[in-house]
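Across the two complexes that follow, chain A remains constant while its partner is chain B and subsequently chain C.
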Partner chain A sequence: MGFLEERDLTDGRRLKFEIFRFNPEDSESAPHLDVFEIDEQPYMSLYIALNVIRETLDPSLMFDFACRSAICGSCGMLVNGRPALGCKTLTSALPETIRLHPLPVFKLVGDLSVDTGVWFREMVENTEAWIHAQQAFDPDGQEERMPDEVAQKIYESDRCIECGCCIAACGLANIEDGFLGAAGLNRICRFALDPRDSRDDSEWFEVVATERGVFGCIGLMACDDVCPKELPLLEHYAWLRRRALRAS
Partner chain B sequence: MKPDSMIATDVLVIGGGLAGERAAIAAAEAGLDVLILSLVPPRRSHSCAAQGGMQAALGNCVKADGDSPTLHFLDTVRGSDWGADQEVVQIFAEQAPVAVRELAHYGTPWTRVRPGTNRYHIKGETVEIDEREENAGLIMHRDFGGTAKWRACYAGAGTGHSALYALDSVVAKLGIRVWDRAEAVALIHDGSRCHGAAVRCLRTGSHSAVLAKSTVIATGGYGRVYGQYTTNATINEGGGAAIALATGVVPLANMEAVQFHPTALSPSGILVTEGCRGDGGYLLDKNLDRFMVDAEPEKQELASRDVVSRHMMRCIRDGRGVDSEFGPHLWLDIRHLGIEHLTTKLREVWDICRDFVGVDPSKELVPVRPTQHYSMGGIRVNKDGEAYNMAGLFAVGEAGCWDMHGFNRLGGNSLAETIVTGMVIGRCAAERAAGSSIDVPTSLAFDAIAAAESRANAWLSRDGAGPSVFDIRDRMAETMIAKVGIFRTGSELTEAVETLRQLLGECGEAVLQSRGPGMNPELSFAIRLEGMLKLALVTAMGAAARTESRGAHYRTDFPMRNDAEWLNRTLARWPDGAAEPILEYEPVGLIDLPPGHRGYGADERVEMRRSVEVYNGSVDTEQTRLGRLPPGGPTGSQLKWGSWRNVT
Partner chain C sequence: MTRAATELPVPASEARRQLRYELISGLSGLGLAVFMWGHMLLVGSILTGAKGFDWLAGFLENYYIAQPTVVVISVLFIVHAVTASRKIPAKLEERRRMRDIAKALKRPAPHDVRDSDLAFQPHLESMLWIWQVRTGLVLLVLGSFHVLLLTVDVLTPMFGEIAGIESGSTLARVSGGLWLPYAVLLICVEFHASVGLYRLAVKWGVGSTLSRSALRRIEQVLFWAILGFGAVTLVVMAGWLDPPLAFLLDGAQ
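And then the complex of A and B:
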């Protein structure tokens, strides 16, 4: 059996899109919703639908897609109020009326397009999310060994695509500037797990055990519900909290 | 003109994928000021979509025993159908292990060797192999097409993602500046020396200039000239190649060498890694027959991509494809690999099958068909990575034609190429920058900004009843897939050239619907369209002119490889103001491994008439005549002459 319940879409619905519009570069633009109607096609994703709208109804519509395969993280948006990747959201899973908003928290570029790049670069810089290696790379040497189980564990948390869905869904990130959110804490977890990183518990404590870090989280856990990569965010949180408590 | 509309840096890197970021790191480590321009935040670059692996001859697992850079060299030259520059392949194969290990140092969670009994699927059989205790925890390999050994290093099926995040973390650590949502729309140059680029901001639509001592193009491929018939991301529109071609003097090489990946998902065209077949997956026709076993008894599903794609298309043409409302496809069968394998080592494939076709690959077959995937061709550079006829301009990764792929790239060689070219060519670009100053009138920069602005304004001011840019794009894509695809013939290629010429004319009459301020997505695309059409035309004309079959370039009217007449590389320049490009040809480079049978695919060919010695004697003069700048070391100085004799 497959995963999709509805594969036969021959009855062809007429979809109604209500899309948030605002162009910050246009002094005459004011935030509002525009309505577009298109015919549903089999396997229609929001990537396909939004391109149909742009190319046949309104070429000024701004949105972001790149890989269209749920790996680049460009196309986070609110789909009927819930953060999701547009590329892997099939219209067949949605009602006939589909309301799209840009992700909150991030700076708006225009319409559905938001600036996640600057937010995530700052997060990486604030948490120094890179390997703090003890030794310089030796181009003539063999690689350092690592048990495959450890590599798998790091990989599991390294799979975050920084789409911003968890940040947009986060009750705290929406009101508190600087909260690292699930993506930030997951990133810390990824490096804290990595034996190649030389930071010790007390150094991690500085980053994690603050109001901006793991003790700021108020436990709503919407992040875990919306993560398009299904990262084990709850586990990672619990692990970080335990480690932070141990270090304190 | 705003005062901040012109800035200067030592090294300008255009493109924030693996190759660009590695080149930027090389320059930053040399103490230089670096700026990266990227259409998207770097971690969203298309490098992140590479799944299955990165080739490097570490020889860590049992099925990789005895592997060496020399064997990697041999596989790559054969894979290229002898179109590659063998000295470049040698440099590449030697450096690939360093590249993989460096990524490990940066944090890539490579899958590691698990000592003890491991179960593998090899050529239709389940095999148990004991991995040695002394290699426990070293970087593991999987099998890929066209290789003598298991050589592809991998992190699940998210190798590109993990490599890119590791590399970008180093970019952040070194404090390298990144302008994301920024597009280089023209190179600033004086006809023989590059001084940077004119840049359009994709947030606001405003233009600026970046002056640089070295400029590195790292913009990836141009798969989107095939429209939706590509595995490539929407951002792979060949911007870097287009602005290099627009200089009028820099040639693009081997643009007719276009790779079709055997297993893209049908209908979306999303990539499903070669690692599926590397790990033991089958290709089946509609009767559930493993047709590759008969077609290629030795390599079976793991012949090179050009060969497998042709067999698949023949199978479909013979009526053995599976009909669907989106056209015929074939099946990829990975059910027997088991759910644990599919949800770990092929995790991203599992997700893609579930999310985009609703298939559970542990129980169901995956619909696949060959789809445009990779550009072997690109900006022609010498072995230091410097563009022909343009000092100070470099190209790395898929955007360049260095040329280690010739007419067919082996799976996993492009990820390795990104890091190796980033390291090697990035260092050359840094050296060039360290030894020079920006000695250029500022008017050159302001003229470039003014020209870019006037091109944008011309689009916005054009009125009337012209065609839409999306319509022109769709007709370009349909032409390319129908007539410049896997099987090509002279008559269809001539028709394609004619249609593309006409579309190029129509591009000058197209009218935009959207005139608002800001980045304006329709205008942003319109600005790229002329360049895309020129890349398409160069590709089609190169294919029409090359009356032989080599690697991915297959002519049904000239089905044999012809080493007597076509053991060469196409160079296409588009002189300023000319209606058409000029095609010229240069030798592929010094030949160490003489042309022969690849070990898969057809064995019939037209043999060289000249001796290898005579051929090699012509390489330097010919390449210099066609614009190659002098590289740091003499031609052939890094070849290990005859080293392959010891292993064959």
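And then the complex of A and C:
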């Protein structure tokens, strides 16, 4: 039966974790790497491994998790330099030495924990990422119909869990404040697709077609490669560029 | 319900300017790449021997095709350099940061494919971009030299008796040592053009039915095919190989 059978995926490995430690609240704290060793277990994710470390080796280790199923978007971290979700990354897919850093770009809370909320809130406010309805909501009226195709497309960009992996992997977002990045452009795309949103092309044009928007992007495509939800980020990006061209 | 003004303090004129830059840099790059491929084919006429090459060069000059082309390409070259370079980070620290990210983005090697070289490759498209900047700088120097040299060649017969582009002086120059900068120029221009077109296609979603890997394969085929053709041309020009297609013009006068 394969999948449910207990398979030894681990070779009985002893895993060595090198984890970035720094508490910005503590004036004594200086950035450094701490090394922890634990035994690998079958189907061990980084979520499990970090909990083992916190429970058995160092209760002061800071990291974020909530859903442990790639929905909440809080466990983004650099795994051997590459942004990934801790809950979705199995240790069996990694070498014995695993180096963990917090995501860059975002505000550091401590150790592996970052506050993606500040960045995403600013992005949402800048792009006004909410439905701009023309008519007041009528609670008694019938819901407006939407073709299934459109709903599916909107859902494809609404699947973003705002984990910040695309932003951390973006060369431009790392050196330029205010660049919307893949998450921001994907969010714009979600509302630009929505027929309930009354903003017309010329209004979108001012938001999208800037150095902070689609025309700032230099096309490194790393966002598309690291997205844990495998969103069609490049498709959305190209669609926004073509739309900006039409709107001009 | 009133609509709130957008928070981004960007007037439409600024957005329109960004669009214009993007279009100019993309279209000038596309134009230069297409020209370069056509130019490689024309230069490849040396494969049929000096006679074919001279006939073609004479044709392009006598009918005033070469002269305006040289002017247009020089302008495109400068326009592309100015607009495309606007995205290169100005500070060395910023460029280092981008390179470090590209290197760090390599896939962590899974322990069962630990020996696979692939797992240790830096992020491909990021490295391609960095190499595009590097080859772009080389093109700025060697390309300027090449364009200037050919501008002199092409435009001077309009004012005097010198014979424009012709096989004798070309072969003498290349075999006399110019083969080295031309070889570097050839590799850089093929790389820069094919990678640039690949990125342009991804950016505008050209043929969105094609996946990234399909576009990448097309890019690689173009790169190797034209590089190979150019390399043979260069070897013939340097005099290390007799024109392999000379038999085609054997009967011609």
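Throughout what follows, the second predicted complex is superposed on the first by the 240 of 248 C-alpha atoms of A that agree within 3 Å, B and C clash if a C-alpha of one lies under 4 Å from a C-alpha of the other, contacts with A are read in each partner's own complex, and residues count from 1 in each chain.
Assume a contact is a pair of C-beta atoms (placed from the backbone, for glycine too) under 8 Å apart; a residue touches a chain by one contact, two chains touch by 3 or more.
What you see is a predicted model; the values in this text were computed from it and never measured.
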item	value
Partners on chain A (chain B, chain C) - clash or fit	fit
First (chain B), second (chain C), both or neither touched by A:Arg242	second
Which superposed partner A:Ala133 touches (first chain B, second chain C, both, neither)	both
After the two structures are overlaid on chain A, angle v-u-w for chain B, chain A, chain C in degrees (C-alpha centres, nearest 10)	160
Touching partner for A:Cys72 - first (chain B), second (chain C), both, neither	first
Which of chain B and chain C A:Lys16 touches, first, second, both or neither	neither
Partner chain(s) touched by A:Ile218 [first = chain B, second = chain C, both, neither]	second
After superposition on chain A, the shortest CA separation from chain B to chain C (Å)	9
Set of chain A residues, in rising order, touched by both chain B and chain C	125, 128, 133
In the complex, chain C residues that touch chain A	1, 3-4, 6-8, 10-12, 14-16, 18-19, 21-23, 87, 89, 94, 97-98, 101-112, 114, 123, 125-126, 129, 199, 202-205, 208, 212
Interface residues, chain B side, partner chain A - complex	40-46, 48-49, 58, 98, 100-102, 104-107, 109-114, 136-140, 155-156, 158, 161-162, 165-166, 168-170, 172-173, 178, 180-181, 203-205, 233-235, 267-268, 270-271, 325, 344, 347-348, 351-352, 354-360, 363-364, 468, 470, 512-514, 516-522
Chain C partner contacts - residues on chain A that touch it in the complex	11, 13, 78-82, 92-96, 98, 125-128, 132-136, 169, 171, 174-175, 198-199, 202-203, 205-212, 215-222, 224-226, 234-235, 237-239, 241-242, 244-245, 248
Interfacial residue positions of chain A with respect to chain B in the complex	1-4, 7, 23-26, 29, 42-43, 45, 54-55, 58-62, 64-74, 88, 109-110, 115-118, 120-121, 124-125, 128-131, 133, 137, 139, 141-148, 151-152, 154-155, 158-159, 161-162, 191, 194, 196-197, 229
